[in-house]
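For reference, the structure discussed in these notes is given below.
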Amino acid sequence: MKRFTQMEYKDPDELLFGHAKYPISIGNDTEIGAGHVIPEINVAPGEGTEESKEKMVSECRNITRSASDRAVNIGLPAFILEQEHISQQTNNPDWTAECTQAQVEVLEKYHDEYGIKTGLRATPADIRDEEKDSGFWSSDLFNRVIESIEASAENGAAIVSIETTGGKSVSDYGISRGDPKAILFGIGVLGSMDMEYMWEKIVPICKKHNTIPGGDTDCSQSNTAMFLAGGLLDKDCSHTLTALARAMGAARSLVAVECGAQGPLKDCGYENPIVKAISGVPISTEGKNAVCAHSDLMGNLMASVTDMWSNESVYHREEMGGTTPEVWLQATGYEAALMNTAIETGEGKTLRDLYTLTDKYRDPQALILAYDNAYRIGEAIVKNGDDPYLRARAAAIEAGAIINEAVDSKKMYLTRFERDSLDSALKVLKKLPTESDKFTKDCIRKYSRKVPDFDPKNYEL
Amino acid sequence: MSYKDLEDKIDQRNVYLRYNVELEGPAIKPEEDEEVAKILPNDEPFRSIALTILNENRDEAITIVKKALDDGISPLDIINEGLMKGMDAVSLLYTKGIYFLPDLMLSGDAMMESVKECEAVLGHKSDSKATVVSFVAEGDPHDIGKNLILMFLRAGGYEAIDMGRDVPASDVVEAVKKYHPIFLTGTALMTTTMTAFPKVVKALEDADLEVPAIGCGGGAVRKDFVESFPMSVYGVEAYHTPKLADAILNDKKDWKDLRKEYSDVVGGFVSEYS
Amino acid sequence: MKRFTQMEYKDPDELLFGHAKYPISIGNDTEIGAGHVIPEINVAPGEGTEESKEKMVSECRNITRSASDRAVNIGLPAFILEQEHISQQTNNPDWTAECTQAQVEVLEKYHDEYGIKTGLRATPADIRDEEKDSGFWSSDLFNRVIESIEASAENGAAIVSIETTGGKSVSDYGISRGDPKAILFGIGVLGSMDMEYMWEKIVPICKKHNTIPGGDTDCSQSNTAMFLAGGLLDKDCSHTLTALARAMGAARSLVAVECGAQGPLKDCGYENPIVKAISGVPISTEGKNAVCAHSDLMGNLMASVTDMWSNESVYHREEMGGTTPEVWLQATGYEAALMNTAIETGEGKTLRDLYTLTDKYRDPQALILAYDNAYRIGEAIVKNGDDPYLRARAAAIEAGAIINEAVDSKKMYLTRFERDSLDSALKVLKKLPTESDKFTKDCIRKYSRKVPDFDPKNYEL
Amino acid sequence: MSYKDLEDKIDQRNVYLRYNVELEGPAIKPEEDEEVAKILPNDEPFRSIALTILNENRDEAITIVKKALDDGISPLDIINEGLMKGMDAVSLLYTKGIYFLPDLMLSGDAMMESVKECEAVLGHKSDSKATVVSFVAEGDPHDIGKNLILMFLRAGGYEAIDMGRDVPASDVVEAVKKYHPIFLTGTALMTTTMTAFPKVVKALEDADLEVPAIGCGGGAVRKDFVESFPMSVYGVEAYHTPKLADAILNDKKDWKDLRKEYSDVVGGFVSEYS
């Protein structure tokens, strides 16, 4: 595996939505990152559809039909449907196979009939469980995950992704206690190790079936921090610490790419701008059109350098404007249309900058993902590219520096809680050992005791 | 850069497509459509009569129909072999996306007025397939959906009773008593008026009345809401109404069947969720 | 009453979102059209809340609290809450009073506590009924409407609007039959007469209570056409004829302004860009963030010259991202933030042009509302400003010319149905008499017979 | 224009405000908060013990507690007059928006370990207010919400039983039989796992068991869904849990009351819809 030790982009200003250094082609005439932004729609199966394979297959088919129908009715040139599988689908790879088949069939039909460019991203669930299944890297549950990935690829999914959960128990502990060391260990070390283990297995399966290995996300860790951080008046997690966790998440999500994932990286990876700056793969992101799923403080900024624009997820039901696959595809589709107009008219970079500046100083989490700052964090990562621990640590420290500079120049304002937690986190991070082994040993000792679910054996440690 | 300059740079096809334009087949005369050809009668004067309907030509329709009546042609034959065939062809073309609503409305107007001429000779109303009652929920002023439904029902050969808008549940009960409809259609456009539907059902039940199905539809109405009470089926498009009525009339379907088989019955894509 | 016979804007290029020639101030430090775009949120009361006054008051309060809470949690500097009243509220002016009071109270509390700029727009329902109530202009129902308007103003609504329904029975007939003459009579003559009658009453009431008379919309007519027109593959109403109806709608909605309405005009008035170009009043519009309520083919374009940005309406319920007042205010709020960033950076006109060009040629309805074309239609209206009939006719003919020019220059493509219906409509419109009286008499004769609900007496004709 | 140039032109306050910064009052020491001052004990060693908890200082807490025990102070008094008072103050500061979750977690850790020292001397577990059982729905791996709940419950003086994630309904029934909880909390983050809640209710009913209330919450869970089956109440924020439990314990509230009085019971704004 080749680690990134230099940036694929040479200048942050080269980063622009719809354009990736290494675009991909997924069939049905569809390319991603090749000059235009494509909307992505994701709808959660309704309650009760988990009860049988038949119900789930029909649910998946209905979601696909609704989305496709609206797409042609409003004239979208292209769209991607993502299906995030629930545990029943992954637990039963035959469910995965049939659902995927049904969805691909509908998409192909619309492609044939209307010429619309389209494809399916299948995202099997990571059903491994640190608590229950001692074999995190080889066990029944692990096997089921791998079989479901194969079932997705085999049955026509254009792109396969997964949200791996390695290190989650330790990072959860760290996030809820404001412990930067635990967060770094959970994300930078355990998370990266697990992602490597998984993607070394996933990529060959995808290659075999001519499917694009789409990549991963640090959802299980940095997004947990982001959700706890919540809005301005929430009080569960400091927004500065969350920003540092996000920076670490980039070092982790990069691993999938190092193992051969080609993008578009998963929409919920808010760290994707950093990973794109480093690696040049296309990314999917979400923001202001994912309000159905959650609230963030960077809803415009996340569009700045994206290649696919997603709604994250929504209940499958009816709005006055239609069913949710229709309504939310229209929402992401219209925003993608705006970006594509900007590209066509040569004003892409202006719109990119407007998106960015709308949110840049709204919150520390937004600040560090502004494309110039994302690039800087990317540089900190590749400078330490060979060592997952050191690069995650460097990313966090750089993020801290970015925040401090913005505060110094009176563009960013922090609350006392944000200020204090940033200061103390940076103090801790800077003092940490510079040898990965030492850090790991230290953490194993400390967190095996404090975090009941954490078992070093799961990571062959 | 100026607006005009920006405009000239865009390749529209990278932003949006007009699939309606993209997909349009070559222009053909309506009567040349293969399926229409099968429906249209070959014998005169029925063919000419059907064609005036197909061509949405009210004045011409009335003229030819009057002449045929003068010639002693049976008014019932004119209706069934001429006017209705024309209307069937119109409905078909609408379903195929070749005709549009105004075509349907104008053909419908032509047909209805021609039928009246025949009935004048006949001395009584001609037979309809069956009776359907249509209303807009109490408190709701939005009535266009209901008006379309009336038109589709009449074009489909049904006697359609128009109860107007803002109709109290008790009036619906009275109408059911009076007309014994095989199907009721209710339209509500608002969250706070669709609650009238379960009230209608309750009032019918209290009066020991039953209809095979009540089609409930309209802007803000949701399928999950409609399926939360009995006797009802969620209605999606106005042109589905005669197809639902046909299923009740010919195949003895009731609301339970229609819920399950909706998209088969109406023969088209219907966005579904559970 | 002073009719507009010249344009308040001298050049279409002066039109820009967030900027109105005649901005308004609504208290709570809030100004509209004075340099920034303000999000507007509108949530339909849930099913069952119509059952009692208590339920409705509590529903209205809850909607307000949720919206306000999210607004401060994501840092919006300002927002407007609109409440569209249902018939029970207008039928019982005491409901209107108490609901308004409850909502204003919550908004004031948030203003006091956080300094957020905010205000309520109350929109009583036009419960008059052509079919039932022979006194369209004086009757119990009419009185109830007026009392409710007064109750809104008296109890602290910052803005009062209404969607008048004059001429609807005739325009409905015309829209469903593709009859341009009926549409013109319904919108241009009857609609304009009714709007004048109503707004001559409403404006003094508002003035008395220091409330802004916000203005009207041609919802009952042009929006009916737009909804029937639907998407590209729908087959109920021609999109060219719908575009002509929209142009006529501008001539009608202008009447409220002529009677003293100051804006922001109602969000659902897609004709608002034309009215703004003529009169300089601030407007509210909706588009891509109103997908919850309906699908349109100009979701970006509608933002180009707006002063408030609305979601139109949404069910009151829960999304994963929060309740709908929260989620949809965030959606409109984030789009407004983008526009405000563009204004701040001096790139407002670029963003305006991108919004416009994204949709301009997507559909004939969009085309005629692009701000340059909207301006042209405005000019056609003011040239015939003194005569409501002639100006509506001129607006439609100009809209037709705009579409034809775009077709000739191969920028706009029409289906045969759109082509044919445009040609025949223009032929009809051009042949119509040039005297209002003659046209009116002719139409009274024709449509009294054809349209059962239409009774000329309702309009004192 | 370049990015930097654009950036310098913006007056941020026209685009967004940071209300958290805007509203921040002057910094005060936690113990100086008026309401906290009322909670904190005045006598030593209880005051020092409470302060170590308030200051999130685990090591110091254990040291002082051990010393107090050595000095012969009653372990129950240390718990009730010292540790719990400190924790009450921490909860109060959290509710007021002055303390944050990590403060709570760290104070909670300090308290729990200090309590253990006391219990070692006591020879048995100290009394809790009552027992609450918490689980994550079957099929659901998301457990942070549940973990927060455990922490809030323990900080609030409850014995909180952690059943972990992905818990089958039958296990919940067993736990109810075993622990007789006054309150059950269930967390589900997915549309397709929240369906486990009514299954739990059904299983309890089948086993002829009842609890005063089951708090059902988590990411994708909706109030309307939760209120579609009995015994349940929709849970919004983890820190509401001890308040709900208090209402059950002290005021004999059950699920029906809690549904109606939720926002009063938790004493804060809760987004409501009907």
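To keep things simple, chains are lettered A, B, C and D as they appear, and every chain counts its residues starting from 1.
Everything that follows uses one rule, which is that a contact is a pair of C-beta atoms (placed from the backbone, for glycine too) under 8 Å apart; a residue touches a chain by one contact, two chains touch by 3 or more.
Computed from a prediction, not measured in an experiment: that's the story for all the values here.
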Between subunit A and subunit C, what distance separates the C-alpha centroids? Give it in angstrom.
40
Distance between chain centroids, defined by C-alpha means - subunit C, subunit D (Å):
48
On a C-alpha centroid basis, what's the spacing between subunit B and subunit D, in Å?
58
Can you pull out the residues of subunit B that are in contact with at least two other chains?
6-7, 10, 15-16, 18-19, 220
Hunt down the residues of subunit C that sit against at least two other chains at once, touch-wise.
44, 46, 48-49, 72-75, 232-233, 315-316, 320, 322, 326, 337, 340-341, 345, 347, 353-354, 357-359, 362
Mapping chain-to-chain touches, which pattern fits: line, ring, star, complete or other?
other
Pairs of chains satisfying the touch condition:
A-B, A-C, A-D, B-C, C-D
What part of subunit C is in contact with subunit D in the complex they form?
35-36, 46, 48-49, 55, 58-59, 62, 65-66, 69, 72-77, 114-116, 316-318, 320, 322-326, 337, 340-341, 343-347
In the complex, subunit D touches subunit A at residues 1, 3, 6-7, 10, 12, 15-16, 18-21, 24, 27, 94, 97, 99-102, 105-106, 109, 139-141, 143-144, 147-148, 151, 164-166, 190-195, 220, 222, 225
Parts of subunit A lying in touch with subunit D, wherever the complex brings them together:
13, 44-50, 86-88, 127, 129, 131-132, 165, 172, 175-179, 224, 228, 232-233, 235-238, 315-316, 350, 353-354, 356-363, 372, 411, 413-417, 421
Okay, in this complex, where on subunit C does subunit A touch?
44, 70, 72-75, 230-234, 287-295, 297, 299-300, 313-315, 319-322, 326-328, 330-331, 334-335, 337-338, 340-342, 345, 347, 350-351, 353-355, 357-359, 362
Touching residues of subunit D toward subunit C in the complex: what are they?
1, 6-7, 9-11, 13-19, 22-23, 219-220, 222-224, 269, 271-274
